[in-house]
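The two complexes that follow have chain A in common; it is paired with chain B in the first and with chain C in the second.
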Partner chain A sequence: MSQSSAAQDFVANVQAPQGAVASLAQEGQEGMGALPVPTRKSERWKYSPITAMLARPLRTATAPEGWPGDVEPNPVPGLDAYRIVLVNGHVVPEACDLPVADGVVCMPWCQAVEEGHLADLDWSGYHRREWVGAVHAAHAQDGMFLHVAQGVTLDRPVLVHHHTTGDQVAACPRHRIVVEDQAHAEVVLWHSASNGATGMVNGVLEACVGAGARLGLDKVQHEEGEVFHLAHEHVTQGKDSTFRIHSMTVKGHWVRNELNAVQEGQGAHTIMHGAYLPKDREHVDNHTTMDHTVPNCTSSELYKGILYDRSTGVFNGKVFVRQEAQLTNAYQQNANIVADAGASINAKPELEIYADDVKCSHGCTVGQFDEEALFYLKSRGIGDKAARALMVQAFIGDVLEGMGQEEVAQEVETLLADRHGWS
Partner chain B sequence: MLTIKNLHAQVEDTPILNGLNLEIGPGEVHAIMGPNGSGKSTLASVLAGREDYEVTQGSVDFDGTDLLDMDASERARDGLFLAFQYPVEIPGVSNLNFMKAAINGKREHQGLEPISAKDFLALVKEKSALVELAGRLRDRSVNEGFSGGEKKRNEIFQMAMLEPKLAILDETDSGLDIDALRIVSQGVNAMRDAGRSFLVITHYQRLLDHIVPDFVHVLSEGQIVKSGPKELALELEEKGYDWIKEPAV
Partner chain C sequence: MAYDGEDKILEEVTGKAYEFGFTTDIDSDKAPAGLNEDIIRLISAKKNEPDWLLEWRLNAFKVWTDMVEPEWPHLQYEKPDFQAISYYAAPKQKKELASMDDVDPELRKTMDKLGISLEEQKRLSGVAVDFVMDSVSVATSFKDKLAELGIIFCSMSEAVQEHPELVRKHLGTVVPVRDNFYAALNSAVFTDGSFCYIPKGVKCPMELSTYFRINESGTGQFERTLVVADESSYVSYLEGCTAPQRDENQLHAAVVELVALDGAEIKYSTVQNWYPGDEEGKGGVFNFVTKRGICHTRSKISWTQVETGSAVTWKYPSCILKGDDSVGEFYSVAVTNNFQQADTGTKMVHLGKRTRSTIISKGISAGKSQNSYRGLVQIMPNADKARNFSQCDSLLMTDQCGAHTFPYIETKNPTAQVEHEATTSKIGEDQIFYCLQRGIDEEQAISLIVNGYAKEVLNKLPMEFAVEAQKLLAISLEGSVG
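== the complex of A and B ==
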């Protein structure tokens, strides 16, 4: 038995999707057979082995009977947003609140496929590059399709809330966002999971941001249980467009975020910011690729992590500046605090620059709490715990501040405060 | 207020304080002078509770409690304040949130409710005016981007906010121009009263023209080798430290 077929056993009991997406599933199946299964031997997966995920067979996540009563469809107090909600990869229509406006198409992804809104199901090609992408494609379920027509600004953000519940579920949500020229959309991607939930969330989001268009994503992972969470976002940007993502991992048993942004038009600007604060034995991996392919573009990348207990983290930030991409201005910063002796981070900036007239700066730090600053705070009567909380809030403050929706940033801070005993 | 008996302290096996004795009564201002390396800043650090310093012998009684048994934040809540020689910059922590946390820490210790936003801002306004920092603390991080003089004024502002029983000023005059020195000294003098004591650590007599002490002590090799009235500072300024060689018996 080959290695890959043994690995595939973990999804042997998961049904392949039918209907309009069967062709994508077929390609996924082929990819699973052809692509190498990630192991510690491959650089990209060295610090995030998926052995434990493969060890326990998953099962098909059947369509839920409505939205779970003990979970808020909108988990963000005060957030005024349209809403599309999913449980285990299935849209729950009765709990959705979709926008109805001229120039806006927002519907479940499967419906969009059936109605022919997606000419190219396999557009990002993730399932042809990565085995886990092929696993996703082979079991792709449903998600959000959002299309904002030229010049249209969505009046409220769209909240996409995915909830995972149950034992050994396989959830493969798939989203597509198209923001046409001069259009603007803000999206909140919220991931939750029930206490005791196990299995895999393997999600893909594809987005096209047109010329002069803007797309902002506030992504929050706040999952109970022991779910393996694989996420891939693939975004292309046109001329003078702006794409922003804030990727906040509040809680997650095992998380691998893989974010790609490709600038295809001059004058594009990309913001990739994120924060991760794992504790216990949690694992959070952020792999990012910033691809500058044309001249006169800018990017700003800032990831900050605080690692507690015996948690582990990975940051890998690739920045490509292609030969054509003169006058690129790329910035990358990754700062980490290893708060406890048992925690660790593997941080690796990777810059590949082929153009000769560019400005690229990057920095990567791994340290402990600043003892001198802690002493200063304590010398004013602030207790150890409160002093550390102030320092942590200051450390991740510049990531939180840049988020698109203030209510989301506030809720992230509240959840972190509860979790880490700051409040 | 403060009774130090036979205090010995070391950093990484290097003894710095070697049997220091000092008694500070309520309302008194004591100055400690001494050459570089005599242990002045170590004394300040040990009293404030810096963890790198190990006390190997002796005792420190602070208003009836064993000071050495408390951590830095407990000492502060009990009324001890250290004005740092080198105030620390803490990017991202706002001055006002910092002070609010400090005040509420102390109030919690005293069994009081957290201070109201209105009272807090009124207090900030009053105390920051004392050191001519009014309106310049809001929206700024703790000491970030402050000039040397502003940092020292911010120390005195914090002292005024927290109203300690005993304030230790560790070379507060270092790096100050004459105007900043005047402002800082005015702030300190405004806080002098019968219940509050000061320990002023300085290398130069200059500061003591502005903050006039009741007692002056000379520290050398980790011991107080001479004590006297305020005039002792002038004598030191004139003659240097060399004439005091032998520890007083």
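== the complex of A and C ==
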């Protein structure tokens, strides 16, 4: 069997997609046949081969009996938020707490499709561009649909908690967020996995931010087990809108975050921040595309990573400035610390600029902890371990402090401290 | 904001015809178009090459036929038809050259037009020039003086005849036949080039210089340059290029290999001003060049380039920092105008401990051109305390052009320090305004700003070259701001 045909059916679908979703699944199947399977020779995937994921067959899971008792539906202590929870791509209604307010529609994605809230299922077109996108579409399951009407501000954030459990499971959650003009919404995306879970999470989030609207995403990946996590976020922005994402990878066996933001209205502002601290043999890949298509927009990108043990990190940030996008101000910064021999980082900060009256800059550094600063702390009676912890906290501190929900930032810091023995 | 007379200046500059666009009529001994084993045998036979070299070429041809042309550069062009190119054209010489006076007067005229009269160079600047015209070296000067020090500086074909052991030992060691599509092609069909060997402990007293020139219509140039600096030696090597105006795209696929043995230093400077095509983007040279140097312990290789010509440039002068404490440098100014496309940069591969590299790249885009920087900094696991600093700046002159940066940073060592920074901006309006205020006209102001912008790189050029480079920058750019 050739590699591509093996890859073609490496995911078995236990429940054939029903109704309107079936057409998307059909397109996905076609895409899987037509698009090239990423290999080390594919420019976009050269640092993140998926060979290991394709080696063992996966299957989508049936709807769970209920929410697992040993997992908190709200993993963030003290976070006052609406909640939609999923297990292996299926919404668990009894554990959800959906917002009910004028101008707010929030429901499971499949229900939104059935009720006709989503006319354009294939809006972002990811399954036509990337093979893994086609895999997602072919097995698309459930997720969150959130629509915030013009001028409405959602009073509390919505927490979307996806939990993966089981052996060789394929989960394909799909979310859609629409924030109409002048509206405001904050969303927390939390990914967890049970100990011993294996398989793949292949999620897609599509978001449309209207004129003058604001959307904030706090995204946290904290997954036990050995799950391959492929995430794609596609966001379009209207005039004077703001989109912010903080993408924190606390723990994950193999993670690839693919983030696209397209500015379609003048005066839009985009913030893409992220941090990754993999250890052992973990792999974290952040692929971002900032697309400036209209004049007078700004973007700010900051990704920081510390690579421990034999982990590998990838940062590939692309900033496009189209010919019409005069007076763009784009900034991109990626800082990495390779903490141990055996760890490695591959960074590709790219600028592709077709307009002249712009200010674009990017910086990328790879280094280590400042020995002098360490010495300074030690000379003041702070032990080596505590001193290093302090410096790590300072290093990723400027990513953490911009997060939308303070409780989430706090929890991320606590989890990191536990994991890396800072506390 | 628009300035008075801006359009006029733009027109003047963009309307400037290619200055060095002339053709010299010399009888030339030209092989039929097409590429096959027989052509390779013909080239080899014409050059009276030993069997091992013919075998090497034939092997390269075999490798090349299995390879595909790379698609990854940020370039759009019509791929050359490799069967439509004539792979060998040697200027016919009337007799053996005993002195400069014996050189074909037509050729002499060409040199004069280029402003590189050999006598003058000999007398005034002490630069030895190995002049390559359509692949065959026709004149070499200062040879005797260099020979006294044991320095070998000759054409590649001469080196193959007279120093086969040196050529055989080093040829293809830095850029292997399989390296890439164009390197394989070059290995199969290279016609000539320069060879330079600096013996142990010798500091070459003068700058070695070769002028390349494409002269024959439809002949690709396939130079092969090999510079070997033996232990603790030093050499500064200059390479400059001009090509006559032609309507069809001409292919240039050169390979340059530098070997810096323990403690040696090689400084390699290039000014490239090949025909970039006309204002409509018609014609121009395809410049697909593989340049790479290998640094042994405590050695240093420094690449400096000023790229203003060629319709399409694909060029990454690289350093393999194999020995401990070795140093690699890359300084580049790349200017693109009209429909020119450049995808250029460098690769710094850190293998040895405490290896250091510096990359300074200045891109200037005007007209409707696309200018890309593509660079790789690779720190391998054993390269403890390796250090790299890269700076890539782009200056945009019009709203039709593009400036792109594609750096690749791969670090596998926890003690390495890598820094990369890049900026892209328009030429400063406030800077121009400041100059105008002080009575400096716009054209001069732009020249001042651009020269200041590129100064870090221009400063690295040998003096004779720096003058030429500044002239080229002036021709390519002065006043071409939008």
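The definition used in the following text is that the second predicted complex is superposed on the first by the 414 of 423 C-alpha atoms of A that agree within 3 Å, B and C clash if a C-alpha of one lies under 4 Å from a C-alpha of the other, contacts with A are read in each partner's own complex, and residues count from 1 in each chain.
Note that in this section contacts are C-beta pairs under 8 Å (C-beta built on N, C-alpha and C of every residue); 3 or more make two chains touch, one makes a residue touch a chain.
Computed from a prediction, not measured in an experiment: that's the story for all the values here.
After superposition onto chain A, partners chain B and chain C are found to sit side by side with no clash. Applying the stated contact rule after C-alpha superposition, one finds that A:359 touches chain C and leaves chain B untouched.
Contact with chain B, but none with chain C, is seen for A:372 once the two complexes are overlaid on the shared chain. Look at A:380: by the touch rule set out above, it reaches chain B but stays clear of chain C. Of the two partner chains, neither chain B nor chain C is touched by A:67. With both structures placed on the common chain, the touch criterion links A:340 to chain C but leaves chain B unconnected. Looking at the superposition, the partner that touches the larger set of chain A residues, chain B or chain C, turns out to be C.
Of the two partner chains, chain B is the only one that A:397 touches; chain C does not reach it. Minimum Cα-Cα distance between chain B and chain C in the superposed model: 14 Å.
Only residues 72, 74, 379, 381, 394, 396-426, 482 of chain C touch chain A when the two sit together in their complex.
Residues 48-51, 71-73, 75-77, 81-82, 84, 87-93, 97-99, 101-102, 105-106, 109, 141-142, 158, 162 of chain B are the ones that touch chain A when the two sit in their complex.
Across the complex, chain A meets chain C through its residues 43, 323, 326, 336, 338-368. Residues 370, 372-373, 375-384, 386-387, 390-391, 393-395, 397-398 of chain A are the ones that touch chain B when the two sit in their complex.
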